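Each of the next two complexes has chain A plus one other chain: chain B in the first, chain C in the second.
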Partner chain A sequence: MSAGSLTSFSALHRLNAVVSFLVIAAAWQLVAISGVVPAKYFPDIPAIASAFWSMLASGELPGAELRTLTRALTGLAGASILGIGLAVLSDLSPVFRRGFAPVAALVQPIPPAALVPMAVFMLGLGPRLYAFIIILVTVWPPYFNGVAALAGVPGEQIRSGQMMALGRWQMLWQIKLPAALPEIFAGIRYASTISLIAVVVAEMLAGHDGLGFLLIRKAFAIRIPEVYALMFVCALNGILMNGIIGLLRWQLTGWHMRMTEQPA
Partner chain B sequence: MRAALGKDMASGLIVPVAILLAWQALAWRAGTPLFPGPWQVSLSIWKLWPAITGQIGYTLMRAFAGFLVAAVLMIPLGILLGRLKTVGRIVEPMMDMLATLPPPAVVPIVMLFAGTGDIAKIVIIAYAAAVPLIMNTYEASKSLHLMANQVARSLRLTRLETMLHIDLPASLPMIATGLRLAIASALLVSVTSEMLLATNGIGVFIQRQQENFQIAGGLAAIAFISVIGLIINNLVFQLERRWLFWHYRSSESHSDG
Partner chain C sequence: MDIVLKVDGLTKSYGRGADAVKVLGGISFEVGQGEFVSVVGPSGCGKTTLLFAIAGLHSLTSGSVRLKGQLVTAPPRGVAVVFQDYSRSLFPWKNNRDNVAFGMARIAGRSTGEKRARAEAMLEAVGLGGFGDKYPWQLSGGMQQRVAIARALASESELLLLDEPLAAVDAQTRSDMQDLLLDIAIRFRQTCLLVTHDVDEAVYMADRVVVLTRRPTTVDHEIRIGLGKKRDQIATRENPVFLKARHDVMTSIRNFRAAAPADALA
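Then we have the complex of A and B:
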């Protein structure tokens, strides 16, 4: 696929997104005006927009958004580094791999919500709580993908490395990790969604600031347009996060994407 | 051979045992019931398991109901959207956007319409399970298997026969992935929904333990969730391998070649 068709592809995609957004907005507005659902529970678009604007103007929303995003991003970065580290360790040591696999299988299904009340007592309400919750739930996709990808590096590549008499670390750094990076990034991308969910849950259950806390507070104050506006912000955050990861992925594994000719 | 296997098992135990010992050491150092070690947690498991299994029953029932609702609605919808190109293209960005909306964020709105009872929780679980289901079914039915469809044409299959014998099996592996993800997220969100809309279930049990400062009891309940999650995830994976064995067989032989 040439560069020209690539840009036209993304332009088409963007146009689709705009059309889709307009269709949803129109449908929403129609339902709100028709009065099928009580207006109190289903405000129209101008009401939601003005709620959004007033939260923006009061500084409530930017502050909460900044906190939530910072938590999600730092947590994700920590979890990715830890996950890749654990995967590398598993690749280097079979003993560690065999021992850690059951631990991972057991910890992975634990919902972040269940951890919050326990962790509050053990770690307090500060940044340590968020770091612990996010890392514990987001470390798995990069780890699992990393283990699979490192084990799946093609034999020819390993043998060429051996032919060049690379040491263990050189082999890892120059051959195995670059080969595994695309798959690891797929894991990080998945982890980015989970990290956002984990942050919002933790803030809803134990927080005193952030988007999740704001959402709960507005809900209990029955400020419905504000609640919808906040949900919209949560969805936007997901898109933002995907964009950041996509950019990073392009920087680090662009060669792979260009070779396999996959647009983003 | 058997001796080697036993040695593998023994060396595999090193890491888990080390983690448990480190945790126990931290707990001893903290010296407070608010930071229990594995020993206190296993005592709590022994003491509390009848209560925990009772509460987990409610949780699993709701998780299953929510998952079922999502599967029944979203798989046909995903296939339909994948087939109707124009509609699908308009709806796709909307699905992408919904996919990034965390399930707990819909809780306040669901509360407005459905209160805090079983229905509300099932709706939240269904929403969480719906996202991976519709995304995967849509993707699977959108991308046609070109070669297989040419074969179908040369065999002069009718449109319905093609859909039934070619397109459906071709999209099954991806739909199965969607189902697996949906089951996992239904389990996760069922606990979350209970903690936010408390009535009964394991999530509420954990909160009660916390309110009474019984951290070990709460961790015991978490241990149950994790084991049940592990069993269910494994079961789903085994079923997938059994029913879609042809897919795994062919993809394995591909990767060998």
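Then we have the complex of A and C:
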């Protein structure tokens, strides 16, 4: 429970991650130099690293990365706020909840790629396209978790609020949302991955910049090491996004993280 | 003695028409200023329903609840509740001091500093001085229930409703908590209404015990426990007055249980 054990715990985790990464890199390198797979389609680590470095030095990678990450983050923020808003609305109004549930069930399984063609016709190729696609695929985890968490607030906590004559909004703000936030964050964390996928797919299919666009251009030019380097960047973005959300989660629901990490 | 609580002909039914189930069948009793009253009855007789109705958390089907003469239709300012499940009634995102300060949400005209100081004082009163910065989940079950008691005390209520507050703690902690509650009731001149299924606890704690029947529940009879305010876990429980009252209440409840169809006991 002490701060010391917590830091050593995460340090151990970090060490584990580094070891796993090195093992995968070594295995990759072994396969690449063994010649089992043609080197043309399976470049070795130095080739990928130099491709990464040249894209970095030329400035095309930082620019694309910044655009993609900005889109994913702003999209995620918007979708999370919208998802929480819809969950709150569902909690306040059973009529809305019953009406909206079938809509959610219908729209949620549509893959991002299937949305792109119609979205291009309706919204063109600008930022509205990205906003539409990201929000439509990312809004669901915060929404579903929010609905479940708000419905699951313990009756004793609600009654404690009623004894203090809290109004509907006070109840929401002071009791229901704080109680529901940890579960909502689990949804946002899941949504962050989806948001990255959606952005890259949209950029690949309809974009003129960003990581997805860069990746598809390199693929068409058969620049295989570059394609692998960009895949690696996509993976790193997932980790980066998780880190950003982890920080926010610690700020807002640190009590819950400490509570669940506490030895029973 | 001033009457703090007057329950008059209270009935509560669930459902409508032919499917309606009458849980409370007309309950009447009073609680005087500074009194500690226990309500005890056979399992499933609707004790918690009765307590929630008194707290203004449940609507009544008929009858009335009056707090100092005022008709109760919504949770009144002068009533505090200590719930059975302490781990679910405290707010895990607030530290203990803020949890206790929440009890003062309806007290107007106090600065944050004053509320903070009073919250600390209430924690001190339940034996948790210095635990203000800790969170409820860092405490044992008994200590969490003390925080909940401190929160109820902080609200400066006319009436403290205790809904089987010690049902979830272990036996030794329970004796300590019984004495803590009695001590607090005396020190703060707190009027208390305890609802419990534990006959020994009901008799040990109370100035008066209200014995309920099985469903549809009414008041079977009341017994005054002539043991004075000071109680002792060993001496009181050996006192003939205690034993006689315990015998009386136990017999009534056993008779109700024997008369009840088996499914009603589930």
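A few points about this structure:
Assume the second predicted complex is superposed on the first by the 261 of 264 C-alpha atoms of A that agree within 3 Å, B and C clash if a C-alpha of one lies under 4 Å from a C-alpha of the other, contacts with A are read in each partner's own complex, and residues count from 1 in each chain.
By definition in this document, a residue touches a chain if its C-beta (ideal position, glycine included) is under 8 Å from a C-beta of that chain, and two chains touch if they have at least 3 such contacts.
Every value quoted in this text rests on a predicted model; they were computed, and no experiment measured them.
Which of chain B and chain C touches more residues of chain A is settled by the count: it is B. Contact with chain C, but none with chain B, is seen for A:Ala165 once the two complexes are overlaid on the shared chain.
Within the superposed three-chain model, A:Glu156 lies in touch with chain C and out of touch with chain B [touch as defined at top].
Contacts of A:Leu247 after superposition: neither chain B nor chain C is touched. In the superposition on chain A, A:Leu125 contacts neither chain B nor chain C.
After overlaying the two complexes on the shared chain, residue contacts for A:Ile33 are found with neither chain B nor chain C. Looking at the shared chain after the overlay, A:Ala219 reaches chain B, while chain C stays out of its contact range. Look at A:Val201: by the touch rule set out above, it reaches chain B but stays clear of chain C.
Contact residues on chain A toward chain B in their complex (touch as defined above): 16-17, 19-21, 23-24, 41, 94-96, 98-103, 105-118, 120-122, 152, 193, 196-197, 200-201, 204-205, 212, 215-216, 218-219, 224, 227-228, 230-231, 234-239, 241-242.
Of all the residues in chain C, the ones that touch chain A in their complex are 52, 55, 57, 74-75, 77, 79-81, 83, 85, 88-89, 91-93, 102-103, 105-106, 135, 137-138, 155.
Note for the complex: chain B touches chain A at residues 8, 11-16, 18-19, 34-35, 89-94, 96-109, 111-113, 184, 187-189, 191-192, 195-196, 202-203, 206-207, 209-210, 213, 215, 218-219, 221-222, 225-230, 232-233, 255.
Contact residues on chain A toward chain C in their complex (touch as defined above): 1, 154-157, 159-160, 162-166, 175, 178-179, 253, 255-256, 258-259, 262.
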